[in-house]
Amino acid sequence: MTATTTRPEPAARDRSARNLVDLVFRARELSLVLALAALVGGTAAVNPNFLSGQGVEDILLNTAILALLAVGQSMVVITRNLDLSVGSVVGLVAFVVGDALASGWGVVPGVVLGIAIGAACGLLNGLLVSFCRVPALVVTLGTLYVFQGVCHYVAAGRQINAVNLPPALLSLGNGAVLGVPYLPLITVVIMFAIGYYLRAYPSGREFYAIGSSPEAARLAGVPVRRRVLAAYLVSGCLAGLAGVLWLARFGTVVADSANGWELLVISAVVVGGVAITGGVGSVYGAALGALLLTVIGGALVVLRVNPFWQQAITGALLLIAISVDRVLALRVARLLRRRSRHG
Amino acid sequence: GGTTKSSVTSAPAQPPASSAAAAADPDAPIKQGLKLAFLPKQINNPYMTIVAEAGAEAAGEFQGEAKEVGPSDASASSQISYINTLTQQGHDAILISANDPNAVCGPLQQARDKGIKIVSYDSDAAPECRDLFINQASSQEVGRSQVQLLAGMIGHKGEIAILSATANATNQNTWIEFMKDELTKAEYKDMELVKVAYGDDDDQKSFTETQGLLQAYPDLKGIISPTTVGVAAAARYISGSKYKGEVVLTGLGTPNQMRQFVKDGTVEKFALWNPKDLGYLASYAAAALVSGQITGAEGETFKAGKLGERTIGAKGEVILGPPFTFEASNIDDFDF
Amino acid sequence: MARVLRWDVIIGLLLVAVFAGGALGSPSFATAGNLSFALGDLGEIALIALAMTMLVVAAEVDLSVASVLGLSSALVGALWDGGMAIETIIPLVVLTGALCGLVNGLLVTRLGLPSLAVTIGTLALYRGLAYVVLGDKAVAQFPPQYTALAVDDVPGTFVPYPVALFVLLAVVVAVVLHATGFGRALFAIGAQEQAAFFSGIRVKRIKLLLFVFSGTVAAFAGVVFTLRYGSARADNGLGIELAVIAAVLLGGVDFDGGKGTLGGVIAGVLLIGLLRNLLMLNDVSTEIQSIVTGLLLIVSVLTPRLISLLRPVRSGTSALKGTP
Amino acid sequence: MSGPPALALANVSKSFGAVRALREVSLELFAGEAHALAGENGAGKSTLVKTLAGVHRPDSGQVLLNGEPVVFHNPADAQRAGVAVIYQEPTLFPDLSVAENIFMGRQPRTSLRRIDRRAMRARSAELFARLGVTVDPEQPARGLSIADQQLVEIAKAISRDARVLIMDEPTAALSGNEVARLFSVVEALRGQGCAVLFISHRLDEIFSLCQRVTTLRDGAWIASEPVGGLTHDDLIRRMVGRELGALYPKQDTEAGAVALRVERLTREGVFTDVSFEVRRGEIVALAGLVGAGRSEVARAVFGIDRWDAGAVHVDGRPLPAASPTAAMAAGLALVPEDRRQQGLVMELSIERNIGLTGLRSLRRGLTISRAAERDRARDWAVRLRLKFAGLGDGVGVLSGGNQQKVVLAKWLATGPSVLIVDEPTRGIDVGTKAEVHRLLSELAGQGIAVLMISSDLPEVLGMADRVLVMHEGRITAEIPRAEATEESVMSAATGRAA
């Protein structure tokens, strides 16, 4: 037989622990916002133009597409997977839709076509990852090449010119309501929709569960494969939409729009505090990450930094961002430990 | 001690191109069924495509055939794999727009050792590694005329910037050198080149770089973008921004890309040569080389179909002609 | 283990098939000249893949390799332009590479950051530094005896010197990975880091070592690259990190760590390289080439799994390990 | 029993490659009855559980729900059929809060089918109250002790108000009071007509909780009978198929020189001023409540965690902080408490795992000698009576107890002079337990200093020459064998003693 006793009363430590834990979780979005504020403030101080209507509009427009992709990507990453093919999907969609519109399609069918193509790509990735159990990296790196190839094949060296595109589309890319451009508006709406779903709905939480521990999720009766498939589907659709918006924004596209963006998107997600190992993070963070990256880029130009230094500085800032955040987390963790037990 | 740059460059230079030894026979007939290969910087660049297609047309005129192969990224290394394969396949001539004049040198030499003629166009390879360079326009002239064009439009006054392609693009950098040199002249004393930005011949990057320029330099009066991708992207941003009408944009662009911006007044004038003629001339030059009409030595002449007789200039350069300036009045006469 | 073995076999067979197909299909393929070039063209990727394999087995990854390559190329250019002797430049540059690796390693081991995140950051940083070093310049005219060393074949073979060097290094890495305690430790770390640590394995030190090695190799690859093309530029080797990773994946190394063989990776590298070469020789356009590469990657990994899926699943691991 | 069994197995067989985990096993679980499943490590208990839970599909035979044959394609099917399972190994989502872990997939909803977090928190708090423990529902599961994890698992299972409740060694990590509370909850559920399947290696628990018991040996069904007429020895005989030597065979040995000396060791917030000695030939037990910080002390001594103050000496020489490698070199060995995360590399084979602690000693020239690796593994596998198909098999497929043996093997193979074992017999069957105990005292006999952390009080009293008791991170008592009784130890453990 075994000893019979009572456990120490741990209520106190738990409470303080909880607050600290909350703090850690909030910290990410918080520190991002602070970093942004500092950066924008500093830059604007040097060059007020940065905050001129035009300046702000440019930043918002530039962020919109990256943020959209980051939102989709973070959904995949949260399930402990990865989608390297987004860049290629954007390129493919931008060109194919451009081609269709140039040959007289309506805008709405065009948008639908774009999202449909994106969905198809996402579905392919999702099926291979979830049902055929091919590692996400293999699949999406493979489809990165495939979609890119298909896009070049379709394009065959041609270019879509703004002149041939319906004005309605172009105005979607550059127009605004009440001074707020459409693109960022679309992104924000989608971001909040997905963010809310992931937080407030049982099925939404299951994405986190899967990323946190696939085996446990399976044993808990979570439909793992369906969810993973869904994540890729969403990422695909958003990449498709992003492709259309890209077309709307830039008007001129050749085959390789957004190629190489996969890493950019992933950096945004990582900076945004979505754990690459899954289960942690929010789409808001990811979007903020995208905003931060864009602002850094813009600021460096506005601050007249030598173009040869820009990339280096961007990289350095990226590293600082994640390092600081990490150090902060470690600090809080230690605090947690010291407070957690024995008073 | 050790091997330093000085110790190498002071050493005797590479032997002159083997083929130059052979004598030229101006009246030799153009061989039948020549196999030419166009190797552009990258295949999905519309400008490059136009050139190559025109080249193929010309080849048709002398019963030869020309194909276009190339990498999807404008990098020297991937271009070199293609030089190798073309060499293995044994073509009569390779026409190349080099991504890196030096990097392509070795492989091109290997090709020439197999008796393949090398003609560079658009962007030159190191002179000792090619037989001919078909220059769209004298680099000197391009550089200077661009500055003159802009100066005229901004009244020789104010800050200007350049939006180039990639930082390593040879032709771009040569032109920019001449622009800077032109700007040292007295009549430009009130003009200041404040920045050279790089759009990497990527539409979106060029677009955002333009944004940056205009914000960073509020007093900017003019932008020169001597690349078709860059000038189109810049025009598109300006046309949709508050800077329209404030900032003068010029550069090198294709009429089809620029038409709308000329019409909506964003761009007044821009320049370019006819890329079709470039490809056409390149094909004929290659044919002449292979057929032994010319060897690439200065002063030799050859017939280039509808473009008439052409003479080889210094350093084996053949110049297409002066760049042509497009504006509202004439732009509709062109379609490329 | 069984699967990994089967995998190597698959890739090996594919390789043989491609080679045979090439030899029969296109006359210019199996020529010494072409093979020498094709192999030489793989040199840098193959070298880097060696280090990458070890990292991935230990469940880490280094995306900054291409940038390190670029940086080292830029340095070679700048220093050579500055009149330094190539004999001093090379060790200096390789050392810098080691330093780059050290930075990656420290960020990963000391701060416990995910290597993917870190090396995406340094990917930008190192490439940026390359531009800082060399700007828009392109340096050439390297000493012929050295450029020759980077291109020429070992006398009497169609194997360029860099490739020969690769073979030597590959043998060393293979032994280390599959026959030494260090190798055992790598697999343990990759599969279950905490348990490895509890077994007295110096996890952090080993990881640090791997990153340094990766940086060093990448920098050396940069030197080879520069000499082979006789041209030093800041944008050299842009984006080849994905090519390397593709090769490693094709070689059957599991990115969750703890699984994989070097033989597979080498086969993977060769397969991708020779296939592309063959396609080019047959005038298959670039876009089709990349489609084929992508499909190859997916299919080669998919097939064994489909086979094991179609066979009635006896192993009880289905439920517990079945998730993507 | 009246009516058909709520859940039953009929002639079920299940093999994994060469291993026949279950052969023609039948089992009937009736509503309102607590049914025990007994068997040695590797007998097939967990496999049976996983078959009932829809994780494994039987190779042959049937699963019957209320007498009707059913096929559970996956765990979800089984759950829908009202089967709740506590698996032997905790299956939590480290990044999610305890409450979310409990209600994943069944969260209470508000309007618009959104999650009602308040209700979720409240209901988890209720559950823990029922179990008489305090775990913060908002705390992330990462960082919970093994015990706390086990409690969350239990809460998860009982929250389902299932018709069939299956528990695979739920008490392995728990101490008496928690076990008692768990049993009263199970009693209640049983009263509400829930069928219960209970697995434990602690026979008293079987006798105190269950009405019927089924015994498995080597995957084969041995007997199903009322617990009433059985004695411990009957049950053991059924399980082991032979008579067992006495448990706790520790004979007094001559305590030698001090091998391990720990001085005022402190790790802020975890343990404070911990000082003690272990002499050669001595077995010293470290007793205390779950969560007292015993494992943390062990971890710190072995160099896993950094300590903030104090010192550790091995054979008189000071040990550098935070270096397991140095600790091993000094002759220390730690059999950790969490074998899945800390003890074993699940993907690797048995021999690789056992070899892991001897990478240097296995070297012949530059490379590892496979032969040496294999001999080392076989030698210890045999000595510990490991049940395995081949040394090349992954340890992941071994039964819980057999995995524990591999961990012991890999550390004993290093020939340590000081052996620290954290819960060495957690989840180990009576037979093996006796072996482990014999082994420990044998080692002590050979002059090895043994520090044994255990929550199993009889084990502590039976094995230890001295008992150190920890309470809330401090050593509150040191009791020589003669005076060590349940009362003395427990009063120190709860801080009641002077």
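Note that the chains take the letters A, B, C and D in the order they are written out, and that residue 1 is the start of every chain.
By our rule, a contact is a pair of C-beta atoms (placed from the backbone, for glycine too) under 8 Å apart; a residue touches a chain by one contact, two chains touch by 3 or more.
Model, not experiment: these values are computed from the prediction.
Asker: Measuring between mean CA coordinates, which chain is farthest from subunit D?
Answerer: Using the mean of the C-alpha atoms as each chain's centre, the farthest one from subunit D is B.
Asker: Would you say B-C or A-C is joined by more C-beta pairs in contact?
Answerer: So, comparing the two chain pairs, more contacts are at A-C.
Asker: Could you please state the distance in Å, as a whole number, between where the Cα atoms of subunit A are centred and where those of subunit C are centred?
Answerer: Averaging C-alpha atoms per chain gives centres 28 Å apart.
Asker: Centroid of subunit B to centroid of subunit C, CA atoms only: how many Å?
Answerer: Centres of subunit B and subunit C (C-alpha means) sit 35 Å apart.
Asker: So what's the Cα centroid distance for subunit A and subunit B, whole Å?
Answerer: Distance between chain centres: 39 Å.
Asker: Multi-chain contacts only, two chains or more: what residues does subunit C have there?
Answerer: Residues 131, 135-136, 239, 285-287, 290, 319-320.
Asker: Name the residues of subunit A that each touch 2 or more other chains.
Answerer: 148, 152, 215, 217-219, 275, 307-308, in rising order.
Asker: Could you check subunit B for residues that touch two or more other chains and list them?
Answerer: If we look for residues of subunit B contacting two or more partner chains, we find 43, 72-73, 167, 198.
Asker: Could you list each pair of chains that touch one another?
Answerer: Listed in label order, the chain pairs in contact are A-B, A-C, A-D, B-C, C-D.
Asker: Write out the stretch or stretches of subunit D touching subunit C in their complex.
Answerer: 14-17, 47, 50, 54-56, 59, 74-75, 304, 324-325, 327-328, 334, 336, 341-348, 352, 355-357, 359-360, 362-363, 366-368, 392, 396-397, 410
Asker: Which residues of subunit A touch subunit C in their complex?
Answerer: 81, 128-130, 132-139, 141-146, 148-153, 210, 214-215, 217-219, 224-225, 228, 260, 263, 266-267, 270, 275-277, 307-316, 318-319, 322-323, 326-327, 330
Asker: List the residues on subunit B that touch subunit A in their complex, please.
Answerer: 43-46, 48-49, 72-73, 167, 195-198, 202-204, 207-209, 211-213, 215-218, 232-233, 236, 240-243, 256-257, 259-260
Asker: Can you name the residues of subunit D that touch subunit A in the complex?
Answerer: Within the complex, subunit D touches subunit A at residues 53, 55, 74-76, 79-80, 85, 87, 91-96, 100, 104-107, 109, 113-115, 133-136, 138-140, 175-180, 202, 204, 268-270, 272, 289-293, 455-458, 471-473, 486, 489-490, 493-494.
Asker: Provide the residue numbers of subunit C that touch subunit B in the complex, in ascending order.
Answerer: 28-29, 31, 33-34, 37-38, 41, 80-81, 83-88, 131, 135-136, 138, 140-147, 151, 225, 229-231, 233-239, 276-277, 280-281, 283, 285-287, 290
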